[in-house]
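Look for chain A in each of the two complexes below; its partner is chain B in the first and chain C in the second.
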Partner chain A sequence: MTSSPAPIPGLTARDYKSEVKPVWCPGCGDFSVLSAITKALAELKLPPEKVSVISGIGCSSRMPAYMNSYGFHGVHGRAVALATGLKLSRPDLTVLVTGGDGDGFSIGGNHFLHACRRNVDMTYIVMDNQVYGMTKGQPSPTTEPDWDSALSPGGTGLRPFHPLVIALASGANFIARGFSGDPNGTARLIVDAIRTPGFSFVEVLSPCVTFREDQRGWKKIVRPAPVDPTEDIGRAARRLMTDDGFNLGILYTGKRKPYQLRLDAVEEEPAALETQFVV
Partner chain B sequence: MESEALERYLDLAEQMEVHHNPEVAELFRKMARVERKHVEKILERVGDKDLPHIPPWEYQWLGEEAAEAISNEDVHYLMTPHHALTLALGAERRAFGFYTRVVETVEPGELLELARELMEEEREHVALIEAWLAKVPEPADDWAEDPDPPLLQE
Partner chain C sequence: MTAKDDETPSLSIALTGSGGAGVITAGNMLLEAAAKAGCYGLFARSSGPQIRGGEAAAMVRLAKEPVAAPGDVFDILIAIDWHNIDRFAVELPLSTESLVIADPSQGELPEVIAASGARIAELPLKDLAKTVAKGRPNMIALGVVAGLIGLPDEVADEVMARALKKRGDEALAASRDAFALGVEAAGTMSFDGPDLWTRAATRERWIINGNEAAGLGAVRGGVRFVAAYPITPATDLLEWMALNLQRLGGALVQAEDELASINMIIGASYGGTPALTATSGPGLALMSESLGLAVASEVPVVVVDVMRGGPSTGIPTKSEQSDLNIALFGLHGDAPHLVLAPTSVSDCVFTTQWAVTLAEALQSPAIVLSDQLLGQTRAIVDRPTDIAFVSQRVTADAGAGEVRRYALAGGGVSPMAIPGAPGAQYTADGLEHDERGLPSSRAGDHVTQLDKRAAKLDGFDYGNHWAEIEGDGRRAVVAWGSSTGAVREALARLGSRGHEFRLVSPRLLAPAQPARWTEALEGVERALVVELNHSAQFYRYLKGYCDPPCPVDVYHRPGPLPLRVGELVAEIEKWSRS
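For the complex of A and B:
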């Protein structure tokens, strides 16, 4: 974080939840991610009015409604763009971005690349269930090529997007993977992500029990990454390129300075600039 | 552990209400009331003692989560009271196992006494839920069949 508002003692995870009841399917991993985010905020003792949760479109993008903080439920794929504008204009806020794999890596793929590159201080939490759940189960950018479904008979045959590799190559300053079945471990990752200055990317494997019943088996596959966090970008690249997608933990943490708006570089007032345009 | 179980039962009850399964919602609320009593009792014992703050990820549970909490991933919107009680029974058995482990490993003193007391209470809870479960009909084979599914690939 570039700013550190006065912490409020005595806040619990429940204090960060709103009165709105989530409409996610029972069994959905996103419930546990909500729990992890609120636990993380309670640990950091951040005043709810100093936190803003920004999202795009999708099941997981409903997150801002379920939280007792500021929030913005934006348009499809544009959450990190919105969050970038917010953080630059209000650097005192802790900005979280929440969404899914379709919203973030397909519709918002371009924004994802450039958010990593710009390295504005925010935390992007992607609940990856490898499917477009809200629109009835189409394959997403992270879906396996052989996932056979009514909407993708025989599978797409397409190579899946590897978000962590892309994040590293594009300049994200913190890269981690969590699992919704371990909300406490995920809360820890989110705390570390928020504390790390710059663009932090946390992929959370979050099963879609409606269209990807097979993902209930993830809890038997995931395991802590058998390595410590590294600051070495080459080592992180080798680690991520050979990763099977089920290693949990902090996989890279860098020291790039976050991008901040240079207000001193603005020489003219907006009114003066307006004279250059025909209205 | 008891607080986490209470919070989870309340969350699950909300989920079932949203998905029009009032019978299971009420069952989870009943379980929440039981857990709330446990929380209150423990808080009474704590009294004015200053407890250390421990982040949630530093608790040494026997699994990923507090032993008595039902996993969010184990529920279904069409689940029956039998399913819910089976999950609750598993949670109570894990809690019993946890306190048993504490009893077996701590030195004699106040903590041992408290752990023994809680272990016995969990044993009672296990017996109560077993008896409750015996009275509840088992789910039909087609319990998960929804003639009008909310989300269907077409």
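For the complex of A and C:
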């Protein structure tokens, strides 16, 4: 973070949770992501009122209501744009965006590209479960081509989207992958993501136990990435292109300067603009 | 054409030429010089579809009194060449009293010009320009116009000096010489126009276009954040904001599309910064879903829609008043919001400032319906008054105990906590919610929140700003937006013939104001709506939502050609006999 407020001692993860009971199914990975986010904020000891959690639509996009920070649950696909306006005008706030794979990569795909490119200082946490859960089980951009569903019988036949490769190619400054089954590890990734200036992208594998029961097996497949984080974009590209989607950890961290408008340089009153019109 | 007794004394002048001929430069200089000489006036341009270059027409109208519509016919048309004249001749109406000045080296007089019966004067503009070192035909043309209309020499010289300051002494000398040749040539032509130069300006005058005026109104209203995607004819408003916001501690961000720009301004406004975007019809369509979010989450934002011909890509460079329906009804669900329309170029300042104020005070999105005619016409106007509005956003104080973001008390306007305020955290939501902002699908919460959002707009006292009401006739003409200027002048012309009409031009289109309409039309036997669209959108809205107390008729047609005063005089006269 470039402009974090002074940390407050004595805050715990619980201080960042609201009293609202999540709508998620029992066993949903998103519960652990909520834990990871609140643990990360407690680790950073950010005052809850200085944190804003912004989301779109979907199961994981319900996140803001479950937190004791400021929040905005907007429309489907536009969360990063909403967050961009907030952060650009309020650089003093810590801005997190939370959402799912359909919200971020399908309907919101264009904003994802441009958020990476614009590199505003915020952290985007995508809970990827390779399915639309809220609408009861349709394939998303990250779903395998042969996954059968009522909307796409026999599968879509389409190659899955590779979010981390897209993030790297589009200019994200921090790219990591976590797993909901490891909330402490995910919390550490989120701490680093928030601390790294610029646009940080954290994909969290977060199983949908209702529509993708097969994802219960993820806990046996995921593994820490066998390599250290790299600042070399070419190396990161090669690593991500050969990645099977289950390597966890920080996969790229750059040093690009964040984009930030200057809204604090008050020089003149509107009346000063009038001379340009005077005959 | 010299002014008839009942017409506003004015002169309409067109300069045409292909790309690079400099007719737009000359037109702007003519307007500026006339302003310095105490005139009111308008400058509009017509360009071809080419990205750069291409033929262009500079259309200037000068008058002793403020004018807000193009003249009926052009008194002077000076053509540097006739490139693609067939395309825009329809925008350059001529009469037998018009004077057309043509360069014989540019070929035969086009049929479409000859057919007007206008008087023709030949002048070898190109060859004359060659007699001056670095001389250009457009400055000769400017000199000809100045000579014909009696523009005082010193103001023309002052404007040339200012316009050419950066190009150096040589360029200025060449322009002065070319201008002088033009003035001399004008001496050989006969032209009888009104004398417009007798009145010195007593009040400060500005030259401003509607896009700049809307920008100024926005910053006067407190806007300091703009997110936007380029679109004709709103781009120059955005460019003005990008440059000028910097001086005020504000900024503009170029978004990846209109879906992003509307969400960015909602995000900024949620964070406490008054925010605006400007667009045209296609962009407004893309923004509609998120405007509903601003309604539901009660976040103030302002969208200026500089309307153009539609639907779809339509006619991007020409005006039309055809986005009223989408502005009023484009949001899904029951989504009350504000829709306003400026009544003139200069009123773009006031109406946009008022829109920002209302949006902030009522925590509501506001759509301002400007259009290409207002936005891109440069007008000489009296300095627009600076109004100090008192209404502002009601925010929740930090530490005031439990904050119910969407509390029902207070006439529907509930204090808005701004991120950073401790103890007041809440989640703004597009989901239906309860008073605390928690998602709710309960029938009771839905009804009370719908009632709340409607009540805050319906219960607000908009005062006299809601409309301009002039005159006292038993017949009323209702115009909105850019049509107001042409209607006002038409009614003045009819007034001098002894026909009295009332003019009602509403600034506040939504929420509908039936009680105010009843008052505005009290004693009126019959009203006529005038608007520039194909489906009589305002007429249907007025009848359906505003309960007019008298029978209402309509005169409407689509763009791209602007409404002309003579056209409206004829239509209103015909209607008044019905």
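Here is the rule we use: the second predicted complex is superposed on the first by the 259 of 279 C-alpha atoms of A that agree within 3 Å, B and C clash if a C-alpha of one lies under 4 Å from a C-alpha of the other, contacts with A are read in each partner's own complex, and residues count from 1 in each chain.
In the analysis below, contacts are C-beta pairs under 8 Å (C-beta built on N, C-alpha and C of every residue); 3 or more make two chains touch, one makes a residue touch a chain.
Just so it is clear, the model here is predicted, and its values are computed rather than measured.
When the two structures are aligned on the shared chain, A:T84 is found in touch with chain C, with no touch to chain B.
In the superposition on chain A, A:G185 makes contact with chain B only, not with chain C. In the superposed model, A:N68 makes contact with chain C only, not with chain B. Within the superposed three-chain arrangement, the count of touched residues of chain A is higher for C, of the candidates chain B and chain C.
Once chain A of one complex is fitted onto chain A of the other, the partner contacts of A:S170 are absent, as it touches neither chain B nor chain C. Within the superposed three-chain model, A:L93 lies in touch with chain C and out of touch with chain B [touch as defined at top]. In the superposed pair of complexes, A:N110 makes contact with chain C only, with no contact to chain B. No residue of chain A touches both chain B in one complex and chain C in the other. In the complex of the two chains, the chain A residues touching chain B come out as 13-14, 21-29, 31-32, 35, 39, 43, 133, 136-137, 149-151, 180-185, 187-188, 191, 207, 209-211, 216, 219.
In the complex of the two chains, the chain A residues touching chain C come out as 20, 47-50, 52-54, 62, 64-65, 67-75, 77-78, 81-90, 92-93, 110-111, 113-114, 261-274, 277-279.
Per the touch definition, chain B reaches chain A in the complex via residues 7, 11-12, 14-19, 55-57, 59, 64-65, 71-77, 79, 151-154. Residues of chain C touching chain A in their complex: 32, 35-36, 201, 204-208, 212, 216, 219-220, 224-225, 227, 244, 246-251, 253, 255-257, 259-261, 263-273, 275, 289-290, 292-293, 297, 380, 383, 386, 417, 419-431, 438-439.
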